[in-house]
Amino acid sequence: MLTPELNCSFLGMNLTNPLVLASGILGTSPSLMERMALSGAAAITSKSCGPEARAGHPNPVTVAWDCGVLNAIGLTNPGARAEVPLLRETKQRLAALGVPLFASIFAPRLEDYGEVARIIAEAEPDLIEVNISCPNVASEFGTPFSASAESAAAVTRTVRKAVNLPISIKLAPNVPEISLIAQAVVEEGADAITAINTMPAMLIDATAAKPVLSNRTGGLSGPALKPIALRCVYEIAQAVSVPIIGTGGLSSGIDAAEMLMAGATLVGIGSVVINDGPSVFSRICTELATFMKDNGYAQLGDVRGKALT
Amino acid sequence: MLTPELNCSFLGMNLTNPLVLASGILGTSPSLMERMALSGAAAITSKSCGPEARAGHPNPVTVAWDCGVLNAIGLTNPGARAEVPLLRETKQRLAALGVPLFASIFAPRLEDYGEVARIIAEAEPDLIEVNISCPNVASEFGTPFSASAESAAAVTRTVRKAVNLPISIKLAPNVPEISLIAQAVVEEGADAITAINTMPAMLIDATAAKPVLSNRTGGLSGPALKPIALRCVYEIAQAVSVPIIGTGGLSSGIDAAEMLMAGATLVGIGSVVINDGPSVFSRICTELATFMKDNGYAQLGDVRGKALT
Amino acid sequence: MNPVGLFSAFRVQQKRTENAYTCSLVLNDSLPDALPGQFVMAWLPGIDERPFSLSDNDPVRITVADVGSFSHALNQLQPGDYLWLRGPLGRGFISRGRSHLLLGGGYGAAPLSFLAKSLCAQGNQVGVCLGARSRADLLLVEEFSSLGCQVWLATEDGSAGKQGLLTALLPEAQNALKPETVYACGPIGMLTTMAAWARTAGLPAQLSFEGVMRCGVGLCGSCELPETTCQQLGLAPGFLVCHDGPVGEISPNHFS
Amino acid sequence: MNPVGLFSAFRVQQKRTENAYTCSLVLNDSLPDALPGQFVMAWLPGIDERPFSLSDNDPVRITVADVGSFSHALNQLQPGDYLWLRGPLGRGFISRGRSHLLLGGGYGAAPLSFLAKSLCAQGNQVGVCLGARSRADLLLVEEFSSLGCQVWLATEDGSAGKQGLLTALLPEAQNALKPETVYACGPIGMLTTMAAWARTAGLPAQLSFEGVMRCGVGLCGSCELPETTCQQLGLAPGFLVCHDGPVGEISPNHFS
């Protein structure tokens, strides 16, 4: 059999493979984003950016163990205005490699989403990913907009009106029925859905008798999240027909194949960067190609949605 | 330092330690329940029982790996009427050991909860645990009652009216704000809260290109669930003052201590039974006592809620 | 948790017909650290999942009697087809002594062939009693012989070996072999008869039980042996076939 | 994922004052497989968490200069107090050749003491250049001497050793030692000067960098070396101090 084709099309963009760097992993530095594109990330999502500069939470902000990662970085970002030149620079470097840039945004209030989107649009990213699901700022911002179909739809409407770029809405796993929220945002014009963000969680150090993170709670990612993410994507794929960026706990090419089978068009790669470093993309690509070859899949389209039927 | 005291009081019952067998683990057979009480479980929760007999889902119903367990047993039970003699026998055997019996119930419709509770009350369990959060019957029963404060409150009201026994409501992790649901059920008269049930999840076998469980989705338990459970209990403990049976992913005495520190009064032990078998309770008790001794805790009250402040 | 808890995909390498309704499926790999008496949960996606003893592990082999829809589907598999297994699960046989008597009723011969192979490889003396309805139903007879075991047969219709029940072979085999331990796998009636005989003979017995397997890892409780069986055999009540077994060890003293 | 990612509780076994604002905390255990040059994230619950190099690992020791609130809190710890660490993190020094020159500015001496100990234990020839503002600021001088290293000193005020910057010691040390590799830890200015000198001398250099550590495991991006620094030193852009470093290796050829 011939080498399987990993290239795929996503909202009119042509990607060399389905792997996308997930938002927040290694921030927004042009050199780091470029480094991951060189390693094989077919698209790059930048760290979520909001209206104002934020330093993020004090240390500890991350712990990792064999089942996953807990983080509460706290949406560290330079603020939308200062982010624009950074994204421009990143976009330019990525464009040279044929890699699209997805710019992630968030806002504390509904009204701000439109404004942040408009500012970030100046950097001309290929897509705006709308983070309505960061679990690590609830004490400041209140319940995330991902909590209900209504609030998720309201944010989508606001961003949809503000910009002409493709938008993907990033959903949270801690809801009773994620497919209803997916339907609501698609009805408001979301071009894609990114699922999922981290799951709100906490680790306590028994000897210290204290939560490990300074923010006390954090977001769970990595292997422990995979079964949750697969289930969310599986449910969303049955409810809507827009493409899904399936994200959560993927660490191998086999994991990526499983996510595609659950109905994802692209797969987000995040916490596994801990193990391999930025070069993780080339490993996962190779593994995915090997899996496809061994199992007689000629192209990604044959893998996609296979577990749905 | 003296040997730490593990005994504790829970809704007027005196328990020799804080470990409770979680519902559904090893069913409702009197001999198995007795076996776990003999190994050190200080209280036993029976498998959830509903109005009618259910065979449960076809195989595969469980897979386990290093980060956790996925199950979709499908609420196998003999129906409330047939359950009563089983529970009577269990209650009698446990009473001889000074171990209380918590009888878990569920129902597909709101109306049925009262009826099931009334029937099960005939067996005179020490507490009725109201399972409103099983993720594995959604395709038959619709969204679980744990999904909103309103539906959770409605079930609590129904059961509260039906029986005079203490009741604990078992909550689900896949909600945006578990503390609001906890408040709602306490307002309706819940004497305790059990948190959490499993997290809805899915595993796909890439080679088979199919979900592994016959029910497709299942409930995630075991180590992957621990950080989620700790966070839920931590949030509930800050919102209500009734005792909490903190359950999810605990595999050691240190884990149990962490759960107590998050605000639990008792700790539920479930999936870890896979590793040690029914004798797991004695190991966890010993580890908890050792931890307390090493860290200068004389009694459970000193550990409880320690991470809240 | 349990590293053997996820399915691995195997391929059928060879299929051997054992009798009119039983085949052995030889797969393309072994399972790490599998012991005779342990079992696997075999899964055919979209069909079902059921427990089968390992009848060999070099590579994995299962010997399947066609008794219902899933075992029928397994009997239809052809070389090259996929089969998914999780395991090895449960506790297997533990070799005690140097001379061993194995008793297999029906497809109970399956785990015993793996046990016999391992015992013979260690230079032990092994005798095997096999029973079935008639000659055509006997399983793995040649395999045991070619391993060097002494073999006794019993059939209900007398078409091979002694006419009657398998357990009727016990006195003769004991005389010939002077076993230090007896091992048995087959229908529950055969197991209890064997246990009673072993008690009288003052021999420790290892019995491989069956139960309805769902989780296969000691979580769901569905494979519990009936309390009366436990009492009868002197096993602690609440015996879980998947976790405490499938092999239960019965000392001649603890029998009641 | 990363098994070193969770905190372990240690206790201070011994506290040694190194100078007016620096102490070494000797803990009650070692870290498995820690290498010289690797670091730990040290956590005091309710206070903060910061990176520190291992200055020894038999048992763990960190050498802490009091420069701000967290390092001050560490300097207040007493024997018996708890300290939580996750690690060892990052990439450490790699011994190349048999003769080694180590260059430590300020608390940069800390990881070099662990390196020197390990190099000397393997019978290598080790020279150490240490620099500080004045005699009272020098760190671990006796420790290096007692390991059997040849030691050169420089102070800005001339109160000990040569007056001037540490890097001024390089020609003399090179002449005496003929090192095959140079290793340095200290302020970034010192590292770049050292790197320039190493290029001229045709020697490979291993430099231990600092960066603002948050995750410490290569997830957050906060410890990236400035792109200009990477360019200047011939490192690939996007160098993450916690993942690619703290020790970066620079060959004399790749320097631009």
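The letters A, B, C and D name the chains in turn, as written, and every chain counts its residues from 1.
Heads up, the rule we're going with is that a residue touches a chain if its C-beta (ideal position, glycine included) is under 8 Å from a C-beta of that chain, and two chains touch if they have at least 3 such contacts.
Owing to the predicted nature of the structure, the values given are computational and were not obtained by experimental measurement.
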* Centroid-based (C-alpha) most distant chain relative to chain D -> C
* For chain C and chain D, let me know how many angstrom lie between their CA-based centres, rounded off. => 62
* In whole angstrom, how far does the Cα centroid of chain A sit from the Cα centroid of chain B? -> 33
* Indicate the whole-number Å distance between the mean C-alpha point of chain B and the mean C-alpha point of chain C. => 37
* Structure fact -> Distance in whole angstrom between the CA centres of chain A and chain C is 50
* **Residues of chain B touching at least two other chains** => 66-68, 203, 205, 207, 209-210, 223
* Hey, how would you classify the chain contact layout here, line, ring, star, complete or other? -> line
* Would you mind giving me the full set of chain pairs in touch? => A-B, A-D, B-C
* Structure fact -> Note: in the complex, chain B contacts chain A through residues 66-68, 70, 143-144, 146-148, 172-177, 199-207, 209-211, 216-217, 220, 223-228, 230-231, 234-235, 254, 257-258, 261-262, 291, 295, 303, 306-307
* Asked: Quick one: in the complex, what on chain A touches chain D?
  -> 24-29, 31-32, 34-35, 47, 56, 58-69, 71, 73, 76, 203, 205, 207-210, 212, 214, 222-223, 271-275, 277-278
* Structure fact -> As the complex stands, chain C meets chain B at residues 1-3, 5-7, 9, 41, 43, 45-46, 48-50, 82, 84, 86, 213-222, 224, 227, 230, 236-238, 240, 243-244
